[in-house]
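Okay, so chain A shows up in both of these, paired with chain B first and chain C after.
And now, the complex of A and B:
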């Protein structure tokens, strides 16, 4: 075998094995979990999954909550970011540079540190325990990267197309709708998926804003499970929960890998 | 007209990023805890006196720095290797890139729980293998000297793909005829890495190092789920300490002080990073 082939196999094993171990554990009976390497007497079961699905509130509820927050955050972010990016792409070089540096610095910010102040705001405005309200901080946190990505996309468009449309008498909204928006659609798709992944995975703010157990998002639900299991050994149900929580995202990544990679890389090149 | 399009986004960014920092400074010079009924009362900087002599804060700062530098260094080195590997042409490259990106895309809490199980004593695979090999158990997660290494491993697993993708983008901007010309002049593969790849990759390296230092400095999810900060607070990060102070001890004033000081320390690192960036001419001449 060539050197590269071996390296690629190691890479795949390293990337997948922690997850595969969860899958393996999740299908094992409690006694088999205690002896993971005695393959001959290994017993398989679906019991762990049944336990997770029958829990109260049911597990799909957390997936639904995360999906709701992810979608509303994505829509709200794009709604704010597209006009802002257009404005930046049309401003002069100096303003554009300053705005982009400011956005770049905010996108570096470790947002975990914002949780306390955001929690105070949520309490003051009485919007804790509200999934839709959660998309407000999520949008704010996604905006810097989203604007950086989309304004580069607008900048890359040749000016004559829009100019021609303007001469034809199309207003800004019409130009947006018929010309600009279709042209930046690929960049929009990349941005949308990255925002969605971020909102789906976000933990500290969801943890502090939402306390009702039927409203918590998936990462918080998993952390609660983790918190309650410190000393308990029957891990099978927890493994099943991590697998059920991971699978939807794995599907998203495999389906949209092109958009995700181009979004991340555009962020690095143009940011 | 243009500014009207920009304003809603900027206002939201301002509310979420700028106001909290001002608020933290303000809270840090107030007592706001259960004792005051969470109503801020000025307390003449006693939070700041307290933090200076708070051993747990300095221990957590040490731990956060140790975690940040170890994991970011390993991640960068690994990411360079993987990016070089995945930059070559071979069958199924797309799908292998996607698979290697998976760890980054999964929620941190999910895989932190998974890693906790992997390091579990005595049923996790690592301890089981050690037992089978006759080395005996090492109890990694309950050893205050070793537990942080387990968190580094989990973090490396999770975030290396992100850096790798950014470096891969950098590699793809390097024209291949550079390598061919270098080869014609008799340069070896290793020389070409240091003479061509590394210099041209520098801006991407700087961006990813800056980004990862800032993010690792705020590490929270991973530690909270994997170790809860234990054993004996040995893995507790500054973010987790701030969280514990506000949510468990209900001391918002002190929690804000921790966050504000963490932020100041981080700015120090950013300035350091900025100096690095300003040295990279290519970065400045690019079209930002």
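And now, the complex of A and C:
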């Protein structure tokens, strides 16, 4: 027991320390940042946050942009992934295995290699500088993993339950509504979070597709803050922006904690 | 209301799961589909329910061909082995969901659900989730759901196999009262020959997808047409004795008695069953089981015999029953 506690603390420090460091930096004055842990002369400040929030366009604008792209990508992905997953779960073993291998391979593909060709496509289709258009590549990139997660959730449902519903007179849409959706809700929630996180953090596509400053998403905005001055890096403002950008995510994860964990461990019990 | 199967076959990956099934279940009749696991019992039920398509043959419900009709339109009430209740819905919602999608009004839904709940003595459990119920209670909810379907045919897939022996015995009368005594044909799948004998009017014994024999429990017990049937029906299992090549003689343990003349045996061990005991005997014919009232000791030497009329003769190679006219004098063969 004692050893486990120590290990957990080490693990927590390992994963939390970069973030805690950012929080610490974000509340420090520029001079204090350069001399960390000098407790006597350390000066705390809210100036970094004020600077970030009062910038033009205001910081909440980027949060809103990212939230919009995140939500539309998540909705679009789930809209496509749920029927696909259901179909895969209903196909025969052989087909299912092959499909899953292909999905797995595509989900491993380093998408950064795609961003130039995606940019070319955006130009041809004239969908650059369009916030909603960003959700097209985001959904496409999230789909393989989303389908993998959801199809194993569908597969884990006992067949009998759906068959009982069929016999009782529920058509496909009714079964989805009354039986299947409620039963895969935990998996759907965890999948949704994963998609949302991806689109919230995505940088290269957002950087190349969007150039209007009132339309850029959070990662691009944060990068702009970091590169806003030629001679120095505004570490304080940069840290404040990352903290502000992380807060909404933390709220979401805390709210849906239970669903995420039960969704991610689904299928772990029985093959 | 009747259910008729004509030449129903189904294959998966070119293996026949069920082959050439022909039978008829009449108004209010209960037909048990009996057989070892993997013999195609559940597949037969699924084909009748419309969950799987047969490769060949036709199914008629009330003389209407339903072979290509969806499960919904067939109007069957099915009870699954593991009950298949909707885990996220309360007992009451489990029961009302089907009514709702079939367009029954809210008031009517509530009325029917509460009346069925009281029939099954589940009133106090209506707000519980399936996970919060005991096995027997879940079973009753599953029965209630099938009853609310107001079906033309009842299909029960091993409805009691997940319950312990005592509960099974308690539920049998309830099952009879609610389902078997109705007007609808009932198909009752089970692997337990005693349950089949107790519940069904007729038994269809399946072997490897083929219909081995169909008839009343008494017919199957008294007049088995094959070794398979003789072996499957009746507990303790029938004795198979070999008097000469190509021929197997079978005698039921309950038809063997202690006698002055007959076969010399030694008691190997015994199982005390309460009202009698099951003896395992060793003889020159092989091992013999017999049911006996008197108290015998292990290693005791006894002489046993049986009446020729209680013998069944089977062909060793085909496993089929040989003509009953074949006479055989035990006295000649006995040594």
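In the analysis below, the second predicted complex is superposed on the first by the 237 of 271 C-alpha atoms of A that agree within 3 Å, B and C clash if a C-alpha of one lies under 4 Å from a C-alpha of the other, contacts with A are read in each partner's own complex, and residues count from 1 in each chain.
Note that a residue touches a chain if its C-beta (ideal position, glycine included) is under 8 Å from a C-beta of that chain, and two chains touch if they have at least 3 such contacts.
Bear in mind the structure is a predicted one, so any value in this text is a computation, not a measurement.
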item: First (chain B), second (chain C), both or neither touched by A:12; value: first
item: Touching partner for A:25 - first (chain B), second (chain C), both, neither; value: first
item: Partner chain in contact with A:166 - chain B first, chain C second, else both or neither; value: second
item: Chain C versus chain B, contacts on chain A by residue; value: B
item: Which of chain B and chain C A:179 touches, first, second, both or neither; value: second
item: Contacts of A:91 with chain B and chain C, given as first, second, both or neither; value: first
item: First, second, both or neither for A:83, with chain B first and chain C second; value: first
item: Chain B versus chain C as contact partner of A:154, first or second or both or neither; value: neither
item: Common ground on chain A, meaning residues reached by chain C in one complex and by chain B in the other; value: none
item: Residues of chain A touching chain C in the complex; value: 158, 160-161, 163-171, 174, 178-179, 182-183
item: Of all residues in chain A, those that touch chain B in their complex; value: 4, 7-8, 11-12, 14-16, 18-19, 21-22, 25, 33-34, 36-37, 80-81, 83-84, 86-88, 90-91, 97, 99-101, 103, 105-106, 108-121, 136-137, 139-141, 143-144, 147, 197, 200-201, 203-204, 208, 218-220, 222-223, 225-227, 230, 233, 235, 238-239, 242, 245-246, 249-250, 252-254, 257-258, 260-261, 264-269, 271
item: Contact footprint of chain A on chain B as seen in their complex; value: 2-3, 5-6, 8-10, 12-13, 15-17, 19-20, 23-24, 82, 85, 88, 90, 94-103, 105-118, 120, 123, 125, 128-129, 132, 157, 161-162, 165-166, 168-170, 172-173, 204, 207-208, 210-211, 214-215, 217-221, 224-225, 228, 239, 242-243, 246-247, 252, 255-256, 259, 262-263, 266, 270, 288
item: Chain A-touching residues of chain C, taken from the complex the two chains share; value: 49-51, 71-72, 76-78, 80-82, 84-88, 97-98, 101-102, 145, 149
